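Before any comments, here is the structure.
Labels A, B and C are assigned to the chains in the order they are written; within every chain, residues are numbered from 1.
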Amino acid sequence: MNRLPRISIVLLLWLLCTVPAMSIQRFPPPEFETDHTIPTATQPSARSVGFEILDVAVLTAALSLASWLVLKKRSRRWIVVLMLFSLVYFGFWRKGCICSIGAIGNVTLAIFDSNYAIPWVMLLFFFLPLLFTLFFGRSFCAAVCPLGAVQDVVLLRPLEIVPWLETTLRLLAWLYLSVAVLLAATGSAFVICRYDPFVAFFRFSANPAIWIISFSMLIIAIFVGRPYCRFLCPYGLILRQVGRISKFRVTITPDECIHCRLCEGACPFGAIEKPTVEWPRTEYPRGRRRLITLICLLPVFIAAGIWIGHALHPKLAANHPVVQLAQRVKLEQTGVHLETIDMSKAFYSSGQTLEHLYASADQVSSQFALGSAIMGGFLGLVIGGTLLTHSIFWKRAEYEAHRAGCVACGRCYNYCPRHRKWLKDKKV
Amino acid sequence: MEKQTPDNLPRRRFLREGLWTGALAALGAACAVLLAKGRRQKYVWQIDPLKCIGCGNCATHCVLNESAVKCVHAYAMCGYCDLCTGYFIPEPKELTTAAENQLCPTGAIIRTFVEDPYFEYTIDEPLCVGCGKCVVGCNAFGNGSLFLQVRHDRCVNCNECAIAVACPSQAFKRVPIETPYIMKDA
Amino acid sequence: MKKRIGKIQSGVLTGLVLAVAIGAGVAAFLLFDTSGTKSTLPPEYKYEIEQYAKIDPALIIYEQVGDPIETDFDTACAITLDDAGNMVIAGDSKLVKYDLAGKPLNEIELPKEPTCIEFDLDGNLIVGMSNVIMILDPQGNTVQEWSAPTAVSLQTSIAADKDHVFAADALNKLVWCYDREGNVVNKLGAKDPDRNIPGIVIPSAYFDIATYPDGLLRVVNPGRHWIEAYTTDGDREWYWGRAGVDIEGFSGCCNPVALAVLPDGGFVTAEKGLVRVKVYDADGEFVGVVAGPDQLGWIEPLRVCKTPEECKAKGFDVAVDKAGRIYVLDTLRNVVRIFERNKSAAARAAR
């Protein structure tokens, strides 16, 4: 209903913008003696809003269906079918252009830049999977995300990754997420989109460097289960944390665990955890000491992070176009570079002053100084926290899918004898 | 009766439920705030013709094999010249439509005679690769009626436009979908 | 699902995977360039205008006198010289007189933006606005004022002989010939096959005229790259000039944009686009170059501007003093450069 006033405001703004432009004397085209009329250029419109509603509807349906398949139907086969559908729809048909992972950048920019209003479709693509994860676990990763689907279908010879390596590599995702948020918040770049490793396949085009990344990731994904999801994906990382407190979750067995150990090697993503044995009594004092040491060390980790982050801020700031331009122009002004490039040529022809350019670059740099320090401190906290959580004894009585690590692919179901019995019972 | 798993310890459960409710509330609030701010506005990428320097990156950096950027003609600004510097190479043998005289490497500009001494130039969009060669020629010597625009029937509206990243003059910007073009003769 | 792999084999595989990961990282780091500094566009898709901007130094027979003179105009549009040799520059909504050192002497406010100025033989200043002509006496008082016969007109150049005032009208694509009272006596240059007049082609707002000692008016036909000579009766006597990016031709779609007559009867022409000021003799034979892109400050073929008019301003106006020195007004940067005949080049020519 509030559409009309909005349109009129847009129209008014448009008129205000064009009135001064029209008052400028533009030299008219010739007046023809023949009745030739001067054409106007066509302006083909963008993809209609209807398609966007379809995108959101498909996302919601896929998430619901995935949650049902994972938790109620417990069928790996149908999960694969849905996964392939998502791969085709969100991947090849929509060319990875509407993507929850990339939406992190938009959401961040919308928070930090008051001039940027996030499109509602993007917002829903960011929040709907989070909401579903809060209720049903990572069903998005299971069968809706096209990037996850690519990796899942090529996983042929999974290698086991030792837990310490898994934990360490996951820190990469924290780093990636932090850098992505920092660069998006400063309006520098949407790195998650820029380095998307599978979008090249969806579009059948990319620059050579991205092709190399894409193919390497694909080859690695043959041997390492979902390497992007586990060790890099920033959105997966957020979903992991939400998954920890989800209302429902994947259970390997539909009812009870009989400790048959058949599922032990079932998970290619290392997300099945064995029941724990009690620590020997002698372990406790050591464990406690370690815990206390680590808690004391936590501020040190954070401080080190802040220091390193701050020290690295010039490198990070160099991703901002204004800083890039200022650096280049400075090098040309000081005679290091004798030739101008397109970027500096454009600057010189714009008539802007050097002082203005340097001042705005400095302003961006100071934003980065603060942002990088916060980022470094956060990463310090993450590293310290990771060490801490691995020094705490978690008690488990049965074989469990790890709440955070499980991507709900459904592979383990068929390994469980209780599941097979449950299937048989269901048929009868 | 419930099993006594560590998950079901009363304090753990309390903590978990509290966190869960908190997370749900936070998600809802964040979504609502951002949605209110967004006011369902949608943006698309466009080139500001006043900032474009015709560097040619539009032809090579688009994620599509055939760039979404094409040359557009603001006819109302055109001088309808016989010797069009966006159509002819700098030193044409003669002012004819022979391929050797044409500036456009893909022959994407159509020259039609209107009346003495005027000619009309039209872009054959399927042939245009968006390199901006004619745009440079037209702007350097002529009225600047040829300019580059993102064609929204082709653009997939990437989250981060790859050409925008490579644009040396920061001519790419997000514009509201209601006014998706920045026409020079508007 | 998960196959048991022998120890060695899995070691090899792990190594391979690691190698791929590291290799990809390194390759991507080396290859990835989003800064746009390196263009991958094949050369046939690039318009290299710079190569046409280079001028053989031996052809440059003038040299700049002193530094460019800064004016305080936002948009200067025309320059002329008074009898004392001072510069009068028109722009914004005013006229400003400068001495040769660039010091403003006096200033006259105008009711609207001027587009062209010229002194008549009595030392009165004729000012052209879009469709109004004003004649100011040497003290700056308005002596006469009249409007163009058509409501819509754009006077881009003005000239006067003893009995007439000529106004070049870019919109109507002709030259109005007025008597001194402002009555239209004649129209020059309009398309007329019966009189063998092909018509003036004006693709952009540049259309210059100049009086000449032989009594014929010189009219630039920019779209055809000609300088035409008209009698006050409107007969087209002859023309010279041709299109070409080579140094002897007029480049682009519509050049020259400005014309002035030297004391020896030669012509000074200014071109936009490929910015260059050149000298031709009375018959239209190329003599030499006054200044090229390097001397005038090369203007990028496509500039980054904030407003459309900023993008459009790229023309020059030229004026000549009694000693044959050439004054070039850069209407983009609002500066004046003065050039005089290069002594060594003159000596070389004499030999």
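Operating definition for what follows: a residue touches a chain if its C-beta (ideal position, glycine included) is under 8 Å from a C-beta of that chain, and two chains touch if they have at least 3 such contacts.
A quick note: this is a predicted structure, and the numbers were derived from the prediction, not measured.
> Going by CA means, which chain is nearest the middle of everything shown?
Per-chain C-alpha centroids ranked by distance to the global centroid put B first.
> Comparing A-C against A-B, which pair counts more contacting C-beta pairs?
Greater number of contacting C-beta pairs: A-B.
> With centres defined as the mean of C-alpha atoms, identify the chain lying farthest from subunit B.
Max centre-to-centre separation from subunit B belongs to C.
> If you average the Cα atoms of subunit B and of subunit C to get two centres, how far apart are those centres in Å?
32
> Report the inter-centroid distance (CA atoms only) between subunit A and subunit B in whole Å.
Centre-to-centre distance between subunit A and subunit B: 24 Å.
> In angstrom, rounded to a whole number, how far apart do the mean CA points of subunit A and subunit C lie?
53
> Which subunit A residues touch at least two other chains?
Each of 21, 26-28, 194, 207, 341-343, 345-347, 349-350 in subunit A touches at least two other chains.
> What residues in subunit C touch two or more of the other chains?
34-37, 39, 202-204, 300, 302-305, 307-308, 310
> So which bits of subunit B are touching at least two other chains?
51, 53, 55, 57, 61, 78-80, 143, 162, 165, 168-169
> Where on subunit B is subunit C touching in the complex?
50-57, 59-61, 78-85, 90-91, 103, 105, 117, 129, 131, 133, 135-137, 139-144, 162, 165-169, 171, 184
> Help me check something: in the complex, which residues belonging to subunit A touch subunit B?
Residues of subunit A touching subunit B: 6-7, 10, 14, 18, 21, 26-30, 32-34, 36, 38-41, 43-47, 49, 52, 95, 97, 99, 102-103, 105-107, 110-111, 116-123, 127, 130-131, 134, 189-190, 193-194, 199, 203-207, 242, 245-247, 321, 341-343, 345-347, 349-350, 394-398.
> Going by the contact rule set out above, which residues of subunit C touch subunit A in the complex?
My answer: residues 1-3, 5, 10, 13-14, 16-17, 20-21, 23-24, 27-28, 31-37, 39, 130, 154, 170-171, 202-205, 299-300, 302-305, 307-310.
> Enumerate the contact residues on subunit B facing subunit A in the complex.
My answer: residues 3, 5-6, 16, 19-20, 23-24, 27, 30-31, 34-35, 37-44, 51, 53, 55, 57, 61, 63-65, 72-80, 114-115, 118, 120, 122, 143, 151-153, 155-160, 162, 165, 168-170, 174, 176-181, 183, 185-186.
> Mind pulling up the subunit C residues that touch subunit B in the complex?
So the residues of subunit C touching subunit B come out as 34-37, 39-41, 44-47, 49, 52, 198-199, 201-204, 223-225, 243-246, 251-255, 272-274, 300-308, 310-312.
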